[in-house]
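Each remark here refers to the structure printed beneath this line.
A, B and C label the chains in the order they appear, each numbered from 1.
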């Protein structure tokens, strides 16, 4: 492709929204509008004739590179199928606290865990493992969280009382000795802190 | 490009983050890992030889399409995208220690940096560059931190092992001429090396 | 020689001056730039050592300590606890160097730990410049920014076993139940209390480690109080401070001349 077409491709790739021809002209003030249009055509044609998975489309008064529609289904399926998700150490500890201390507010969880748990609570909530179960008394009436029926279902529990009491944990854990119990291994890989849930 | 290469390109265009090979292989479960690698190579070569404004790079445990550096200024000038802010020296020092000594607790970071790092840890955690990966034994079971895949991405690393080993540091530094350390004996040898920082 | 200059406001050790740590020059221009030129006391110290062109393995402590104090006062850092702690450390080393060496075979250079820390810090700075270089390269490339609004995909099955949950419960609850002496209230130095603590610990044990006196998560004011308390007790001869090897824990023992140590 010509230098101007390459520049347009890079700019369109990096932009979060469709870009108008006027905006594109700011990229290369020397270029005439005819040259710009020709370069856009060049990008569009290149994508169409050289066998690419993307295409250049005019949309909402601007130009944008989009994934070809025929691939979107496969991409969505792959994102799902990639791996079952594991909870990060942060999400797991937060869930553990909520299970044993419910109803519990965000401030109390943060005090115990020592870090901000906003995004973790959000992802556990999206996962359907916790829900808002009430509001505390006091300033701002903070939300209180508890576990959901889906939480019980996931662990094949009929009710919360089937979880071992805190003082029986050591014994309960010995029964589950076959499982890995080191906290570090739980998060050695995955999607980072922004999101509590990660592929494992 | 071949159909598999087109599919990979479409998937890479659909993600703002590097896509892992596992996820890419889920796109076409029939494809062998050799075919997958060949298709990735095909995309990379196509970008390099057919004159594109973007390139395919291996980074952060996966593959990602990025704009070529030569277009950055023009794109920023046209306000189509903005470079993220640089990390502060305090953040970089803290990240360097966490990268080399993970899992590491706050006290150890503070010991080496000689300053309080509470707020730096908080902001690195909020930016998703570090995460809590476990808890140390001992009083209060302090939190232990490690780096995330986003950390690798930020520093254009494929994996942690790409960071130089402590005993390679002086050599590695010579490749990136930097005036900061002139005038002072380097530390790769002597009693510092055995206890020196090692990639984690 | 372990006393601070009278104009150094120790009582505000936890206070960080406004503008400290800011990333860019503000209206106060060069001043802020100077402040942020250092990421901590070790950074400032290394820069001093460079400026003074001294050998890192043979630091003229008296001169460097004096320079350090002058610089932190000029930079307005003399109220930042981390810098004060380093100042106290330098003064302690200076004092130790003035002590008679006795039989030289056992003599441990009191600067050894500082040199170790400086070298370790310097090594970290090497990694930082390397990482900075790579981050700059990456900053010059943009990732795909446009991501279509997809309907939230159905979620992948969750991989989480009951034993994983229970171990997590165990981990967090242990963290909760273990005694937490963490003092979150910022306050000025309390050297008399620190001296009391050290004295009572020494009454129990003839030898202490630095970590017995100061907990790993101690606030800067606690560290500094303990340090000053130790210095004071060492000065009046109630105890002896030593380090078996560079970077090892500081060992505190009753002064050999103290008859109480005979009993231990």
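Following the convention adopted for this analysis, a contact is a pair of C-beta atoms (placed from the backbone, for glycine too) under 8 Å apart; a residue touches a chain by one contact, two chains touch by 3 or more.
The structure displayed is predicted, hence computed values, not measured ones.
Chemist: If each protein chain is taken as a node and each touching pair as an edge, is the resulting graph a line, ring, star, complete or other?
Modeler: Its topology is that of a complete graph.
Chemist: So which has more C-beta pairs touching, B-C or A-C?
Modeler: Pair with more contacting C-beta pairs, A-C versus B-C: B-C.
Chemist: So how far apart, in whole Å, are chain A and chain B when each is placed at the average of its C-alpha atoms?
Modeler: 19
Chemist: Distance between chain A and chain C based on Cα centroids, please, to the nearest Å.
Modeler: 37
Chemist: Centroid from C-alpha atoms only, then distance chain B to chain C, rounded to Å. What do you get?
Modeler: Here the centre of chain C sits 28 Å away from the centre of chain B.
Chemist: Considering chain C alone, which of its residues make contact with at least two other chains?
Modeler: 142-145, 148, 171, 175
Chemist: Out of chain A, which residues touch more than one other chain, so two or more?
Modeler: 10, 13-16, 65, 67, 79, 81-83, 89, 113, 183, 199, in rising order.
Chemist: Can you list the chain B residues touching chain C in their complex?
Modeler: 12-17, 57, 59, 64-69, 72, 75, 81, 83-90, 92-93, 95-97, 99-100, 105-107, 112-116, 135, 138-142, 153-157, 163-164, 166, 169-170, 172-173, 176, 178, 180-181, 183-188, 190-192, 195-197
Chemist: Of all residues in chain A, which touch chain B in the complex?
Modeler: These residues of chain A touch chain B: 1-2, 5-11, 13-16, 19, 23-24, 26-28, 46, 50-54, 65, 67-68, 71-72, 74-75, 77-79, 81-83, 88-90, 113-116, 182-184, 187-194, 199.
Chemist: Quick check: in the complex, which residue numbers of chain C touch chain A?
Modeler: Spelled out, the residues of chain C in touch with chain A are 142-146, 148, 150, 153-173, 175-176.
Chemist: Flag every residue of chain C that touches chain B in the complex, lowest number first.
Modeler: Those in contact with chain B are residues 21, 23, 36, 39-43, 46, 49-50, 53, 56-57, 81-82, 85-86, 116-117, 119-145, 147-148, 171, 174-175, 178-180, 182, 215-217, 220, 246-247.
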